[in-house]
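Once you scroll down, you'll see the structures, which are given as structure tokens.
In the two complexes that follow, chain A is the common piece, with chain B as its partner first and chain C second.
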Partner chain A sequence: MSSLEIIILIPFLAALAIWMGAPARLTAVVASTVNLLWVLVLAVRFPAFKSATDLAFVNKHMVLDNPSIAFAVGADGVSMIMALLTVLVTFAAVWQIVDKPSMYHIASLLISGGALGAFLCTDLFFIYAFHEVALIPTFLMIGIHGRAEKDQRLAVAWKTTIYLGAGSLVLLAGLVWAVIEFSGGGKLTFDLVALRAQAAMSPLPATAQGPLFFLLLVGFGTLVSLFPFHSWAAPAYATAPTPVAMLHSGVLKKFGLYGLFRIALPLLPAGAQVPWVQQALLIMLLGNILVVGLVTLHQKRLDDMLANSSVMHMGYLFLGLAAGTEIAVKGAILLMFAHGISIALLFAICGRMRNQLGTLAMAKLGGIGSHAPFLTVVFAFGAFASIGLPGLANFAGEVMIFMGAFANGNPSSTFIPAQGLTSLHWTVILALWGVVISAVYMLRGYRAIFQGTPQTGLFMSDPGSGQWLPLVLLAAVLLAVGCFPSLLLDLIQAPLAPIATP
Partner chain B sequence: MPPAPDIVTQSAPLMNILLFLPLAVALVILMGRKLLGVNVCVFLAVASSAICLLCAIMNLGVVGSETIRLMPFLMLDGGKLLNIGIDVLHDGQSAGMMFIVTLIGFLVQVFSVKYMEEDDAKPRYFGALSLFLFSMTGIVLADNLVMMFVFWELVGLSSFLLIGHWFQKPSAAEASKKAFLTNRIGDFGFMIGILLLFGVNHGDVTFAGLKESLLMGPLKATSEGQGWLMTAAVLCLFMGAVGKSAQMPLHVWLPDAMEGPTPVSALIHAATMVAAGVYMLVRISFLVAASEMGATWIAGIGGITALMAALMATQQGDIKRILAYSTLSQLGYMVMAVGLVGMSGEAMGGNAGHPAMFHLYTHAFFKAMLFLGAGAVIYSCHHEQDIWKMGGLAKHMPVTTFTFAVGTAALIGVPGLSGFVSKEAILGVAWEECKWLFAAGAFTAMLTAFYMTRLFIVAFLGKARSESSSHAMEVRLPMLVPLLVLAFLSVFSAYHFMEAPLKAMAVHGHGEGHYTVMGISIAALLIGVIAAFVIYRGREKDPLSIKLFANKFYFDEIYAVLIKVFQDGLAWLVTGVEHVVVDGLVARLPAAVVAKVGQKARLLQAGQLQGYTFLLGVGVLLAIYVIVFVLPGVGH
Partner chain C sequence: MSVFNLEALLALLGLFVLLLEAFVPSVSSKALAGICVAGVAGVLVLLVTVAGGQEALPAFVGAYHQLDSLAMFYKAFALVITFFVLWLTLEASPYLNKFSLDGKLGEMFSLPLFVCVGMMWMASAKDLVTVFVSLELVTVSFYVLVAYTRKSALALEAGVKYLILGALSTGVLVFGVAWVYGATGSLSFEGITNAVQGGEVNKTALLFGVSFLLAGLGFKVAAVPFQMWVPDVYQGASTPTTVFLSVGSKAAGFVVLTRVIEALTVSGSMVREEVITVLSIAGAVTVVVGSLPALFQTNVKRLLAYSSISHAGFLLLALAARDSVRVDLSPGGTVAFYLATYLPMTVLGFAALIQMRLNGRGEELDDFKGLAQKSPSLALLVTLAFASLAGLPLTAGFFGKMWVILGLVDQQLWFALACAVIGAAAGFYYYFRVILAMFTPEESTEPFRMGVLARAVCMVLGLTIAVLGVYPKPLQTLLAKVPAAGTSASGH
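Here is the complex of A and B:
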């Protein structure tokens, strides 16, 4: 049995144990701690273990012969980073649950297990299936324990379910198409490694890559709230119970991007560069950054603002995909990790505030910095990270994406001075304006809630009894990766895709 | 090609201490302030800045120019694909600037110990000051544009923290937010400029690499073939300086930044951080020289800022705001000098000296002195800042008054003092390059003499005009010593014995022998001083009232309208459109159709887990059916 299989199994087993009556908090915390430490060890040992195909800790159980499906696990640098993200956020999310029904723990563990499965499997069937498994507790928790009136939270749960269900179906169609397209040797296979090998050996002509890439983009994109398929996300996060908001916005949502970077890009390296796909992608991602950015600016409550900001920041990740150079793609992977940690940190604090204050309307709050200095500092960590302050993780990813769009003289150039600025570069410039918009809403929120004179009747205290631990952990990760991005970059040394020639 | 990957991390103890000691202190204070207690925190901060000052002094007198890698930052493929490091460019310019930053930093911390005595958030204050010293050191030592950007934003953060030190006060909270956001707008341009150069120069954004490439490399080809790209890059980088050095039209944050504690204003918003924009422009002066249009714009913006800010300063009543507008005006001088030197096509800086750096250097001392002097006055007058409620302070606070007078004389350019020498250098270049800007500079000099004399007469001479100023008392020694040291430097910093180890600061060759220039500027000085004497001696309130200047040309009001209309209005509009059109077309219309069909789905109420499990089961069965029975039939 590979370590990866055990890592995937642990959360499911823990969830089962809690369902059968084991003490919920203890079991969940122990399981997520074990997973956290284990993945850390694997990440450290990863460079020594990876094989020529860049996969480490590989194992495979055949399930079906034709079409060939196997429960196959294996980690490359990207999945290693995503697994790290998952266990870190899971630990924080599980730790901060107190005085809640055991379903909170079970749901969190199921989401975590599903995400780990999706990130660590190398068989398309199981990648897809694990993601679906993780979605179900998300819907249930929003519907049952969501933070709104019953009608409203059910409406949100249904909207999310239908939206993501539809997206998943589009995705399934795309995956099946890819399987049919790239299965060599007469027999269909869901094995990603085999598919990639086939795609590298006999790639599709560049223009023919467009339609399939676009289909995958829409399918995966809906899961990542790519504009205009984004309107499920903000209400879902604002309504979801804290651990679910943390896990979904921080981890599970990244599945769509993970799929694009690890499935669509290697199979269809020129897909994003086909002109019509590229133009469509640029317009959609600007929709995320500018349209949703302005929508975020208009929000009056902290949870709505954070939820929308999370949608907005997805645009930068798609920008990395659109640029497609190695610098940009690796920057995007760094940013996926960074965004996951920072948004989970912010949602954790937001949940705490809602419990204590009973309201998140910014107009009613103020001066919390006087009562809760610790919480103010960690919130500032999350807020400044998410607006791209250097020294915190998000900046490193963002700046690499931007640089990747201006790469010149590397194996693939996206910027040739003699040709002037292309639509990609104008998009980068507009996206940079989005960084200003982020700063405006985040600092407005910070100013309204933490600074100023304390409001009477709304008191907020610093967390006691170990509740500070997950917050400090996430903030420390942001700082460490922000100062030493090579901690993660060294895991993804190999190029992610064969070099695209547009 | 990116910079050669053979830059290895070197051990450079002095540089490491300079950069990382303040960071370490800031982190220790942040995490352990409860454990350590207030006094230990204060001691750590002051002691560390003393050590940094010693290191900076040991560093002086550099003649060469070398790059030292402290640590890698963004590296791909062992540096072949991307190689951005935390690297030190060790030359005369950085060594000289380090001396200014650490010296004033140390003096301000000493001053603060007494000034902030009664503040109950002292650890936070000194922690943020240490964080500032760390960030500023990073800007000064940076050998590439990305590293400079990193620390550029970090000084923005420390400035945010320090302006908002009294964050419970709404005006301070607003001012800190305004400062950060205005700087962000500047940084938007800065980043575009970096990206353009990153692209043109194949990923190498080190100053040395860019300089070389401009002589014979991709940058040369681009500046010959696509001159607009060079101009765009220079102007975008300049936008960063416009934000940080508070040039028109992004100057609005600096006067508001006076909400912070006064020692902070002295260090950050007068002497060092706001000068970072000028420092950066001098670092890239070879690029400015390569783009004539860029240089002209820079000179023009600098000249307009100098003049406009001086006009605004003449009608302010708050002692700190007068000094703040004076800072804007002097920064305008420096920026103008960068542009003018660029227009002459010469690339200075590095070890060669530059009139803008020279003025930055002398200005840092006398302006820090003036702010600390203002701090001493405010401290003694129980936080009264209105000069019309002061008066007669010379009797009560003779030493402070003396130092303030010295600082004023240096600022208005009394011959023989440091400010005179450096201002002459700038006016000399202006005389050679552009007579219009020379006229603006000379007129600004006259206004400077006018408003500073006004300030001095109203606040220090005459009779006390309020309770608080009649009871003012001379401040204690810990506050006087920094004032006296800075007063000494205000006089002598341009003299040979001071300037010799700081060669890179002074200017060689320019501005000498212009007797016309000297004559005009002395005339401007006399007119300004005499006019202020005639108008303001013995007055109880301001006899002049010029609304346009007093209201700062209505910039804040105009911006408020613009933000309301274009930002908030647009946000409101877009939110509506997004909700109705996008969500309507993509989600609600299909949903309405589906809802008609799917009335049965209502059975699946919350908690009815069976419903969901049933759905999932159906889905899985369907998938298995497709895979096992349908798929093998299709395909190859």
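Here is the complex of A and C:
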């Protein structure tokens, strides 16, 4: 039995134990701590364990012979990073649940287990299946424990579930198509490693990659809130209970991008470069950055603003996909990690503020910095990271994406000024304005909430009794990765090599 | 002992129970149920043991009876669903009693045995006359079963509707059989196969007959546009009978449909294209038409009736993807696989409805509120069943849907694929509504009681769903051997 299998199982077993009556908080905290430490150890030892196929900790149990489906686990650098993100956010999310029904713990653990399974399996069937597992807990938590009035939160829960359900069915059709296409005429196989080997050996002609890539883009994209399939995300995060908002926006949403980078791109390396697909992708990602960015500017409440900003930042990640070069893709993976940590940190603080203050309308808040200096500093870490301040993790990722996309945007692989600007270059230029937009809304929000004179009747205290721990942990990770991005980038040296030559 | 004796054995047992109930009034329902359940279980054991090393059939039976693996599978399927229906009837008897004329449920235990005999015989049919006779045995028994709880007005309404439409569909079916016989000169599937390959047949007459044949069978499996009877009948009939209709009757219709379609779409057949077109359109429309009304139901039983129509659509689409050989299953095998996964989740869903009634609750969505607080284990199992009905991965229901989608992608039936996706997405909504209701907290403090036996059976059903969702290999291997009809006339 591989360590990875145990890591995937632990959250599910813990959830089952709580359902059967085990003490909720203790079980959940122990399970998430064990997972956190274990994944950390694996990540440290990962370079030593890597095999020739760049997968480590591989194990496989056949489930079906024809078509060949196996419960196969294995980690490459990207999965390791995503697993790290998952356990970090899970730990923080579970730790900050206090005095809530045990369903909070169960749902958090199930979402976490689903995400770990999706990131650590190497069989398309289980990658897909584990992601779906998280659908029911998300739905129930928003529908039952969401923060709005009953009708409103039910509407949000349904919208989210139907968007995600329909998106994953489109995705299923795309994955099945890919399986049929790349099984090489013989027995169908869902083994991603075999499919990628086949795709590398006899790739599809470039123009034929377009339709399938587009189908996968729509399927995965819906799960990542790609414009124009994004309208479920902001209300869902604003309404969801804190741990679900942290886990979904921080971790689970990254599954769609993970799938695009680990499944769509290796199988269809030229797919994103087919002109009509690329044009469509560029327009959609600009929709994320600029349209949703402007929407975010107009939000009057902190949770709405954070939720929309989370949708907006997905645009940069898609820019990395559209560029498809090694630097851009690595940057995107780094940014996936960084964004997950920073948004989880912000949602954690936001949830705490809602509990204490009872309102998140920015017009009614102010001067919290004088009551709660600790929270103010930690929030600043998250907010500045999210803007892309150098020294915090997001900066490295964003810079790599912009550089990668601009430098290698030209089809002949380097930027030649005499040949003018391609549409990718124009997109980068427009996308850069997104950084300005984020700075405007984040700083404005920060000033409105934490600075100025304290409003009468509003009091916010710093967290006591160990509640500071998850916040400090996440902020420290942001700082560490921001100063030493190579901590993570070194993990993904090899696996992305085939992507670099589209 | 030859396998076909099992049907005779079961029929005799049915007659015995019927007479016992009539002439020995002191026998309790429980005893009757016990005899029937034991009989069905015994026959199932015999079937499994006999299936290993069976003798050749005597010539006079072999002419109209075949024992290929498809037949064996559906025989076992009929026995299993009958077993569960008998258990559900026994479970529901405390409240069903009140609705029958004499306050007892005698025939509700013996009639399922006759239905089972009909289904088992039908699974082995080699010609349309045998199909018709066994189908009638099934249908006539159902006429009684549906209306058995006569003091309920809904059940009477259901009985009348089922009787009229059932009789009509039988007429349509016979009409079709007659035309097919006229066109091909044969009633056996083998003869029809040869005739449609030969090209000596008047195509117009054959198509005319085939359309009536398919319409008649469409009634039995509730395919659009012959699905109108389903919601009222399913809702009105007593819950065990509804389960039987939803699983057993549907399986019976599909085993016949599998045989008929295999005969008509054999390679080189003159009506192949037409039949496939009709199947894919009917299947696609059935999925959508079944799903959309389900979105607005507040009665869970009625909701399950509409969802059952939608599932029939998926089964038709499985048959429509004729040439998809990428999965280890023939189209008929895919149907059998789908039905085998459909059985535990449907039985579990309806068993929950019976438990609700036993606890003095209704069958409305609101009655499910707070179930997760009062009976966490039942709520968990029902969640599993409904997730499986919705086709969520890691539950049994997913594989059936995935094989259908895989076949449609492989055969490039894009319209059908789009409809299947829409239907499945709608399914997320109406099945999740029930799950949401169960997990919504409720103030009431009435306890929720469940018998030990009910708990155990539900647990077994839930485990089956979970295990098949992760490890479907045994079932797939069992069905992978299902060969195309015509090549298997001598059994295996």
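The rule is simple: the second predicted complex is superposed on the first by the 489 of 502 C-alpha atoms of A that agree within 3 Å, B and C clash if a C-alpha of one lies under 4 Å from a C-alpha of the other, contacts with A are read in each partner's own complex, and residues count from 1 in each chain.
Convention: a contact is a pair of C-beta atoms (placed from the backbone, for glycine too) under 8 Å apart; a residue touches a chain by one contact, two chains touch by 3 or more.
Worth saying up front: this structure is predicted, and the values here are computed from it rather than measured.
Put simply, more of the residues of chain A are touched by B, taking chain B and chain C as the two choices.
In the superposed pair of complexes, A:Val295 makes contact with chain B only, with no contact to chain C.
When the two complexes are overlaid on their common chain A, residue A:Leu489 makes contact with chain B while staying clear of chain C.
Of the two partner chains placed by superposition, chain B and chain C are both touched by A:Leu140. Once chain A of one complex is fitted onto chain A of the other, the partner contacts of A:Tyr237 are absent, as it touches neither chain B nor chain C. In the superposition on chain A, contact is made by A:Trp177 with chain C only, not with chain B. In the superposition on chain A, A:Met103 makes contact with chain C only, not with chain B.
Once the two complexes are laid over each other on the shared chain, residue contacts for A:Gln451 go to chain B alone; chain C is not touched. Of the two partner chains, chain B and chain C are each touched by A:Pro67. When the two complexes are overlaid on their common chain A, residue A:Ile327 makes contact with chain B while staying clear of chain C. Overlap of the chain B and chain C contact sets on chain A: residues 64, 66-67, 125, 129, 132, 136, 139-140, 143-144, 154, 157-158, 162, 172, 176, 179-180, 183, 188.
Interface residues of chain A facing chain C in the complex, by the touch rule stated above, are 19, 62-67, 71, 103, 125, 128-130, 132-133, 135-136, 139-140, 143-144, 154, 157-158, 161-162, 165-166, 169-170, 172-173, 176-177, 179-180, 183, 188. The part of chain A that touches chain B in the complex is made up of residues 64, 66-67, 69, 125, 129, 132, 136, 139-140, 143-144, 150, 154, 157-159, 162-163, 172, 176, 179-180, 183, 185-188, 227-229, 231-232, 291-292, 294-295, 297-298, 326-327, 330, 367, 369-370, 377, 384, 389-391, 395-396, 399-400, 402-403, 405-410, 415, 417-418, 420, 428-429, 432-433, 435-436, 439-440, 443-444, 446-447, 450-454, 485-486, 489, 493. Remark: chain B residues 1, 30, 72-77, 81-82, 146, 149-151, 153-154, 157, 164, 167-168, 170, 173-174, 176-177, 180-181, 184-185, 188, 191-192, 195-196, 198-200, 202-203, 218, 221-222, 225-226, 229, 567-568, 570-572, 574-575, 578, 582-583, 585-587, 591, 594, 601, 605-607, 609, 612, 616, 619-620, 623, 627-628, 631-632, 634-636 touch chain A in the complex. Looking at the complex, you find that chain C touches chain A at residues 326-328, 376, 380, 383, 387, 392-394, 398, 402, 405-406, 409-410, 417, 421, 424-425, 428-429, 432, 435-436, 439-441, 470-473, 476-477, 480.
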